[in-house]
Structures are given as structure tokens and as C-alpha cells.
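Read through the structures below before going on.
In what follows, chain A forms one complex with chain B and a second complex with chain C.
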Partner chain A sequence: MKWKYYPYIPVLLAYVVLFLIGKGVSGMWQLMSMLFFYCALGQAFNIFLGMTGYVDFGYVAFLGVGTYGMAITISKLSYLQGYGILIIIAGFLLSMFIATLLSVAVGAVALRLRGAYFAIATIGVNEGFRFLIEGAKIWNGSEGIIFMSDLNRIIGSKSASSLCTFWADVFVVIIALLAALVTLIYMRSKIGYALMALREDEDAAKVMGINVTKFKIIAFITSACFAGLLGASAWALKTPYVFPPEVFEIHYTVEAIIIVLLGGAGTLLGPIVGGLVYGLSKYYLSVIVPGFQLLIFAPIVIIIIILFPEGIIGMIKKRTKGRWVERFII
Partner chain B sequence: MPLLELIGVTKRFGGLVAVNKVNMRVEEGEFIGVVGPNGSGKTTLFNLINGVYFPDEGKILFNGRDITKLAPYKRAPLGIGRTFQIPRPFLSATVLENVAVGAMFGRLGTNLGIDEAFEIADQVINRLNFQTLRDKIASNLTPIEKKMMEIARALAMKPRLLLMDEAMAGMHPGSINEMVGFLKQVAVEEKIAVVSMVEHIMRAVVGMAERVVVLHQGSIIVDAPTKDALTDPKVVEVYLGKASEE
Partner chain C sequence: MIGNQILGNLLQGVILGTVYGMATMGLSLIFGVLKVVNVGHGAFIMVGAYCALVFFNTLGLNPIFALPVAFLLGGILGLFFYYSAIQRLLKAPELSTLLATFSIGVLLEEVVKLIFGSEFRGYNWMVDKVDLGLTIIPYSKIYASLGSILIALALYIWFNKTRAGSAIRSVVEDEEGARVCGVNVRSTYAFSFALGIAITVLSGVLLTMFIPVGINPYMGGGYTLKAFVIAVLGGLSSPYGAFFGGLVFGLIENGSYTLFALIPGVEPFALTRFLSFVILLLILLIRPEGILSKR
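Now for the complex of A and B:
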């Protein structure tokens, strides 16, 4: 059987090019870091939204608890000097663990619901979690956790600043690459075909022997895991503080949905294209027409969705059918 | 031991008794036509056999095993395949992928790798003379092609019992003959019992079924070899009304 991983080449290429632009052109790193985040966010969310067709409005909660996972680990273990890197690894593990726990809890209840009912059930998850933290004063409640000084203590102030300004973004790229790899592995395995089947017709899938609940939960947990990691690096390590209202903001879920749909839901390259289109428009529109960026951006989104209902990659995939580039695009 | 046995199966929706104390047996490799006018309970009967609904009363045995309350996705691996009245293809996938999904999660599913599933799908498509459509996206198929693909998908599951819901309706008589011939051949080779359900007593049933079960208002009124069933006064009455007294 022929090699099945050609589509990973453009994924790698995209991030290498972005990375080189960020490093090579002065003043570009900040923009690239934003693009990395949006691409990674799309890539992680796509595993659930794109592959199952279910919309999770509470998705940002997984990033939120991921941020907390890292913040708690660093602030609680800051007395262990000299173990800097290990503490950060522990932070990533805890982030992933909490996000997984939350996804199992939410998934076990909400994934029994279908379509729009699922979306409605999840819409309160992030707000609910925020009020739980603030109200019950868990993890410092509404005061949040500020752990810059803890970070300085465990790895030194110089490393801490390069961690915040450079390595946190590199971690985001690594997470995006891992999420893309897992997406591709899923697509090329029974999991991918099961998810495709249940996305297209859940009842027919059941009758054909597919345990739809199991596969939905697999996709949900995988997607949540990456969201936890993303929160831990893009939010906790990049800005070493965490406040509940900021990390449970539904706005990010909406951004993730737009990115996935723009690029092409359920495609491998879609989140990258969607993340780039979204990030670049957001950035440059706010420079060119400050204050009016959303007014301009909204019609752009509408036009793209009308022209390419299957997303940009969905359209390209159709156009390239039968040509040699086909093998790279999925 | 019969392949499938229904014992006193009843299903109600509110006050409506959709399937009423049905007793039915299907032997291995048998061809059965389930006939009945619109609303007679045929589709409900199918949904009970493959687990979309659970019966309110009665038992369903498959190969001697009680499957009355078994989840639908656990029945396909036992060897129960099905096609739908209105085809339900996975529209974004190609014909080959659709058929391969059948193989992946069907009776051989658990031990089957992806590549082997695609091989089986290829074989089924070749047998059906479907090669030209192999790489077409399912949403671009004609309704008839969708029906054919659904049959291919069900056969790729390597079922022991195949439930066909109005599979031939709307097909060209020529294609029906071809399809019936093909199905018979495959079913005999692979020892598949076929239960085909139709609204009207069509030539297809006559040509294919060894036995006909006639449903009327949720109950079986006739269960007899095809020729006898078609001339049974009760069947004539269901379809044409009672003979006038005059």
C-alpha cells in the first residue's frame, strides 16, 4: 500500500515558512505568534467540530482549565528550584489531565444529545465553570493566579522572558503539528471513517455497526486534550497570569468555529488556511480601518461561506480531484 | 435452529399498535418477501430486527442468541445488514469509501484492517459492475445509483441476514431482473438470508422470494410459499378490497 501521509508535507511547510518569516523579518514575530495560535486552535477544534459535525460552544473551557493547570503547577511547585523544565512538563501534563477530565464529564452527558441540542447543552459550560471558580473560590477565585515571580524563581528571569516571548509560541507550533498529525492518523484509520459516517448520517452509521457514542467521545477527548495544552502554552506560559473572565470567554469558541468553517471543516489543511485568513484579516483590518474591522470582516466571512460552503480547502479538494496535487490535499 | 426468530413481538407507538404479536422465522439462506400496504408495519418490523426500536413485548433471537434489547451497532457485527427505503449514503465520501465503511464495521469488521476493508469493497464493486462509479462522490450519484451503492455497502458487511427495504422500487424492470439475478447468486454463494420488503406484489418478489409474509395492520395474515400467498383470498382482499356480494 502506498504512503498515506503526503498531506502532512504542506502542513509542515506552512509552519516552517511562518516560523522563518517570524524569525527573519523584524517585528513579525508577534503577528506570527498570533497566527500560530489561531492555526493551532483551529487544528485542535477541527478534530471534534470538523470530524464529527457537532458544535461545542463551551470549547474554550478546555483552554481555560488548561491555562489553570499550568498556572497551578508553577505557582504550587515554585519552591522546587532547579527543576524548571520538569515543572513545566508537569504543568503540561496537568493541563492535559484536567482538560481530559472535564471533557469526559461534559461528553458523558452532552454527547447523548444530537445536533443542535448538543450545542445548546454545551453553551453554558464555560460560563458555568467560570462562575464555579469565582463563586466557590477555587484556585484563588476571581483574584486569579499571577505567577510571573514563580516562573522567574524556577527558571531564572532571563529564561522566563525568553519562554514568554519565544518558546511559548514554539510550543504552540508543536501542539499544532501534533494535532495535525493525530488528525491525519485518525483520517487514515477506522476512527476517521466512523466519524465521517456518523457526521453524514448517524442512524445509518449505527445500523452499520458503528458505536457512534464511542467515536464521538474519542474525538471529543482528543480535541479537548489539545485545547488544554494550547491553553497551557499560549495563555499560561505566554502571559504568566490567569483570570477567570479572560480564559472562559466564549469569543474564542466563536473564533475557533469561524476558523474551522472558513478553512474547511473536517479537512486537514483547513484549519491552517482558516487560521491564516482569520488572523491576517483581523490583524491588518485593525491596522487599516481601526474600529471597523468587524464591520469589514463579517461580509468577508459571509462571502467566503457562500462561495465555498465546504470551506476553502473543501473547494480546492474538489478542483484538484484527479490531478497530481490531489494526494497532498485533504 | 432458525437464523432469525421473532416470538410474539409487539411494538406500540402511543395507542397505535404498529407491530402486533408477530411470529416469524427465517432460515439460513432463505429468500423471503415481506409484503404489505403502506402503514402495515413493515418498516417498524425491520427497525425491530436491527435494533432501531426495541419491542414492547416478545423476543427476537438471532442464531439462537437473544438480541431483543441489543444495541443496533452490536447487531451488524453479528451479521445483520440493511438497506433503507430512501437511500442513506455518506454523501461526502466516494462510492468506494462508502462500501468500505460497510466492510470495516460489518461481520468481519473487528479483525479487518483498513486496506483489507478497501479490498473487500473493491471486490463487491467489481461484482456489481460498478467500476465506473468507484471514485465518484456519493452526492453526485443518481437515485438508482445510490440504491445500488447501498446494496453494495450492505453486501460488504458480509451479512448472514440482509434486510432490504423497498430496494427495487423505482428501478427499471431490466435493472430489477439484473439485480435480482445478481443478488440470488451472491446470496446462494455466501449463504445470505434475504428479507425483502415491498409495498406492492411486484414481479421482483415473485422472481426472488421462496416465501411471502403478508402484513396487514401490524399482524401477519399470510405466511406461505410465494405462489400460494399471491392467490390467497385474504391477500387479494387487503389489496383489492372484498369481493362484492352481488
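Now for the complex of A and C:
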């Protein structure tokens, strides 16, 4: 018997365990919510970086516009009374929509380019978009949007605070689970095989009649969509304000890259392992050496790239070949 | 009146552009020879800027004296990163070198932050200003511009008149051919990478003369983006192309700043930086191989 979705079991298990620890052990929810965010970030970014082998240095821009989507919806619709949760849903939809729009615009240009040229094109997306918002004073420009009071007006201050401290993290978990599911579905379908061929040898894939651009765009948009949702819940709902320099901070792209590489690019479980390792070490390093986590992580990334390019899950996958656990690990 | 102002700003643009061009030559050299995109380019510029700062603020010396030190430091950094990381990744997928150079940039930023702290630090090299009628330019900027032109010229002569320079050019043209003709491609790689980094750090010293607000460890990011636009304008693998790309970019930046400033209710500085991104995308869209590439 061969069921396609075995590897989803450890994914589910991981998030359930994290969730239970967060709920059960007092004082752990903060840490868990950070871990959820990093796992989800890795999971979403992996769909593009891992599956195509293309580096998108402007990835955080999608989280940024997602944050704006939620912020705009809440602050503009706050005059509507009694629609509460519907407005939040509208916010998620708008976040997804803007992120998709931006990814289509960027992808249409950048995805025609190969390797290095693609990376060069995307490195400006983040800065470019931030300066467009600040320069043309779109969406309040550099003043940002603060919408705590609007959120209170929509759903009441009590539910607003539980939304910020609890439900926003639950949304993050749901996004992570959805992103993992989509990753697995892609892997088990034509899309995954096409992307694998493309990652190994783009010219050969093209010659074999694979429409590489189409599949690259699919992965790019999917990944951006999840980034938008993640921005809307992990940033906008958790901290109800948005300032351009904060949401377009390139360090989040760096973190996403570290997580994906650490766990294993192109694997399903990689982002979870990477997110956990990165999140936990960042948390404890920030206690020991506050402010200098990146000083420690930058050389680690270089070492991983040189010595273990397949990441933790990639190595485990090699070790477990032929054993019964193999079916759970991808 | 407004015409004079635009002309004055364009003149400033030319002066800034020569330094921009100089600051991008290293990026193009490295890409041309090794086919590696140095995504950490801006961080090396930042290291150069801190060299100037140390010379002026701590040692009390003229920042010009920082030039040879910056060049040497850049060469050492270049060799170190080449042999410790880049060399091992030349055969790996492109993803690896991109991420490696990116991480090297982050590493440099964090090391500098550890030493100097993350706040903005400025220095003010007070030398006289010269009134050119259209605009007033401090001598420090003129020195920086002249310095850039001289260095670019020296590189040009070196590339075209010496054996090592010809070896590098031959590797850019055709690596296999160069190997067959007895060029030591491996050492050419190492040397080009070190030279590229050295002139990048060097250019950081000159660039500080254009930064009134001071420098901090994260100043490089903006220059990485600008350098990419300039390099792509110039064809990405040609250092001279990059130099002229820098001139063009300086003109565009200062010209557009003047024009954006005329529009009420916008922040012209932020819009020029958006514009540079748009230019980058447009060039890549129309001529993905670069605007000066031979077809």
C-alpha cells in the first residue's frame, strides 16, 4: 500500500506538540509563537527557494504588503459596526490579493531571468517598494498606520487583546500547516516533478518540453501568497501598527534563507527543523549575547553551504534510506 | 533659474557618478572573471568607509591616507574569503555562491557593528569649497572624483598593458581558451577576486566624502542595489562599462532628484531610490544581458 501523504504526519505532530507545550506550560506561549512564525516563514519561503533553487532576496516585501493589506482593511472599514470577524477575513483576503499582485508584477519581469540575474532583480524589490511607499506617500507614507483603536472598535477591546496574544499565533500555525500541505501536494504532482527537473538542469528541462517559466511562476505566486497571509497575521494582527522600515527589513529575508538552508532546501520537514533550530538558538543567544545573533549565524550559513548543502533533513534522508521511517521523511 | 539649478545638480551628478562608477568596477570584475555575483558588495564599501572614519577621527589623519590601507585590507579580505569559501563553491549551483557572498556581507556588517556600534558616525573633513557659478562643490568631493578617475585609468592601463591584466581579460573572454594558452586560471580567479574586493573597499573611502549624515554598519545595502543597477547598465562583466554606467547613474539620480523635488507632497529622496529599482527592472526586461553587451 502506498499512501501519498505519510510525510504530513510528522508535520502535524510537530505543530500539535508545540501548540500543547505553549498552552500547557505557563510562560512558554511567547517562545512558541516565535517558533510558529519561523517555521511558517520557512515553510512559505521553501515553496519557492527550495523547490526552484532560485534565491529571492526581496521575499520580505510580500510579508510587508501583506501587513499593509490587513492594516488598510481594518483602518478603512472600522466604521462598520458588528461585522467583526468578517472584516478580519476581508483583511486576509486583501493581504493575499496584494501579495499576489506584487508577485505577478515582479515575477513577470524577474522570472524570465536566470540564476544570478534573477537574484539581482529581486534584491531591489524590497527597498524599491519601501521607497515607493515612503516617497509617494502611499498608505500614509513613512508615518505608517496605527490601527489598535480601530481594531478595538471592530471587535471590542477584550477580543482584540485575545486576538493579538492568542488567535494571531493560531492563524500562523494554520498558515504553516496549509503551506506544508501545499508543498506536499506540489511535490506529489506534476508541478513538483517539473520543478525538480528545473532545479537540476533548467536547459534540459526546457528541451524535454517542460514549460519552466509557468512552473516557476506557480511556485513564486504560491510562496508570495503565504507570505502575505503571514504578514497579515504574524505582524499586523499581533502588533497592530505598520511602519515601512520595519516590515521591509531585509533581515527577515536573511532569517528565512537561514531556516530553509539549515533544515534542507526543497524538503517538507526542513523548514520545521530549521525553524525550530534557528528560533531556539536565536532565543537563547539573545539572552547570552544580545544583539549579535547574526554575527554567529552568518558564518554558520557559510559553513552549511560549503559542507552540508543538503541541510539537516537532507542528511537524515540519506541515512534512513530503505528503512521504514523513510516514508515519513521528505 | 530652474535651468541653472538642474545644470548644477547634473554637474554634481557627474562628480558623484565617477565615484559610483569606481565603486562598481570591483563587482563587474568579479562577475566577469568568476561569474560570481557579490551580493555582499555594499558591505565591502562600508568597510572602506570605516577605514576613512578611523583615519580621520581616531588617528587624525587626512582620509586620503586611508586609500592604500583600504586597498591592502580589501586585498587581504578578498584572498581570505576566496580561499575559505568562494573557491569551494565555484562548481556548486549558483544558489550557493549567492548565499555565501550574501552571508559574508552580513558577517562583515556584524563584525563592524561589534567593533564600532550600530549608531551613525560622521566625520567632517573641512576643506574649502569652490564656486563654479552653477553650484558650490567642496574640494573633498572633487578630490574623491579625481581620485576615482585616476584609479579607473590606472586599472585600464594595467588591464591592457600588463601580462596579468591580459590574463584576466582572456579568462573573461573564454576560460577554456585561456587555459589552453597557458593562463593559470585558478590563480587568476583568486587574484581577480582579491583585486575586485580591494578596489571596492578603496571606493568606500572615496564615497564617505559624499555622505553628509555619517555612516553605520548597515549603510552598504543601498549601495549594493545601486551597484547592481550601475553594473547592469554597463553590461555586468566589464569594469569600464561599470565606470561609465556609474556616470550615467549619477546623472539620472541627481537629475531625477531635481525633478521629483518639483512635485509637491512627495519625498524626492525616497523616490530616486525607487527609480533606481525601476531602472534595474527595465534594463533587465529589455536587455537581460546588459545594455552594453555585444550581440
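In this section, the second predicted complex is superposed on the first by the 310 of 330 C-alpha atoms of A that agree within 3 Å, B and C clash if a C-alpha of one lies under 4 Å from a C-alpha of the other, contacts with A are read in each partner's own complex, and residues count from 1 in each chain.
As a convention for this text, a residue touches a chain if its C-beta (ideal position, glycine included) is under 8 Å from a C-beta of that chain, and two chains touch if they have at least 3 such contacts.
Small disclaimer: the values here were computed from a predicted structure and weren't measured.
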- Task: Name the contact category of A:190: first (chain B only), second (chain C only), both, or neither.
- Result: first
- For A:127, select first, second, both or neither according to whether it touches chain B, chain C, the two together, or no partner. second
- Just chain B (first), just chain C (second), both, or neither: which does A:204 touch? first
- Query: For A:101, is the partner it touches chain B (first), chain C (second), both, or none of the two (neither)?
  - Reply: neither
- Task: Please work out whether A:55 is in contact with chain B alone, chain C alone, both, or neither, and reply first, second, both or neither.
- Result: second
- Message: Of the two partners chain B and chain C, which one touches more residues belonging to chain A?
- Response: C
- Query: Just chain B (first), just chain C (second), both, or neither: which does A:109 touch?
  - Reply: second
- Task: Using the superposition on chain A described above, determine whether A:298 touches chain B (first), chain C (second), both, or neither.
- Result: second
- Once the complexes are superposed, what residues of chain A are shared between the chain B interface and the chain C interface? none
- Task: Within their complex, state which residues of chain B touch chain A.
- Result: 50-52, 71-77, 82, 84, 88-93, 97, 100-102, 104-106, 109, 114-115, 153, 157
- Task: State the interface residues of chain A toward chain C in the complex, per the touch definition above.
- Result: 53-55, 57, 109-110, 112-113, 115-117, 119-121, 123-125, 127-129, 131-132, 134-137, 141-142, 250, 254, 257, 261, 265, 292, 294-295, 297-299, 301-302, 305-306, 309
- Task: Over in the complex, which chain A residues touch chain B? Could you list them?
- Result: 1, 188-190, 193-194, 196-197, 200-201, 203-204, 206-212
- Can you name the residues of chain C that touch chain A in the complex? 31, 35, 37, 39, 85, 88-89, 92-96, 98-100, 102-104, 106-107, 109-111, 113-114, 221-222, 224-225, 228-229, 232, 260, 265-274, 276-278, 280-281, 284-285, 288
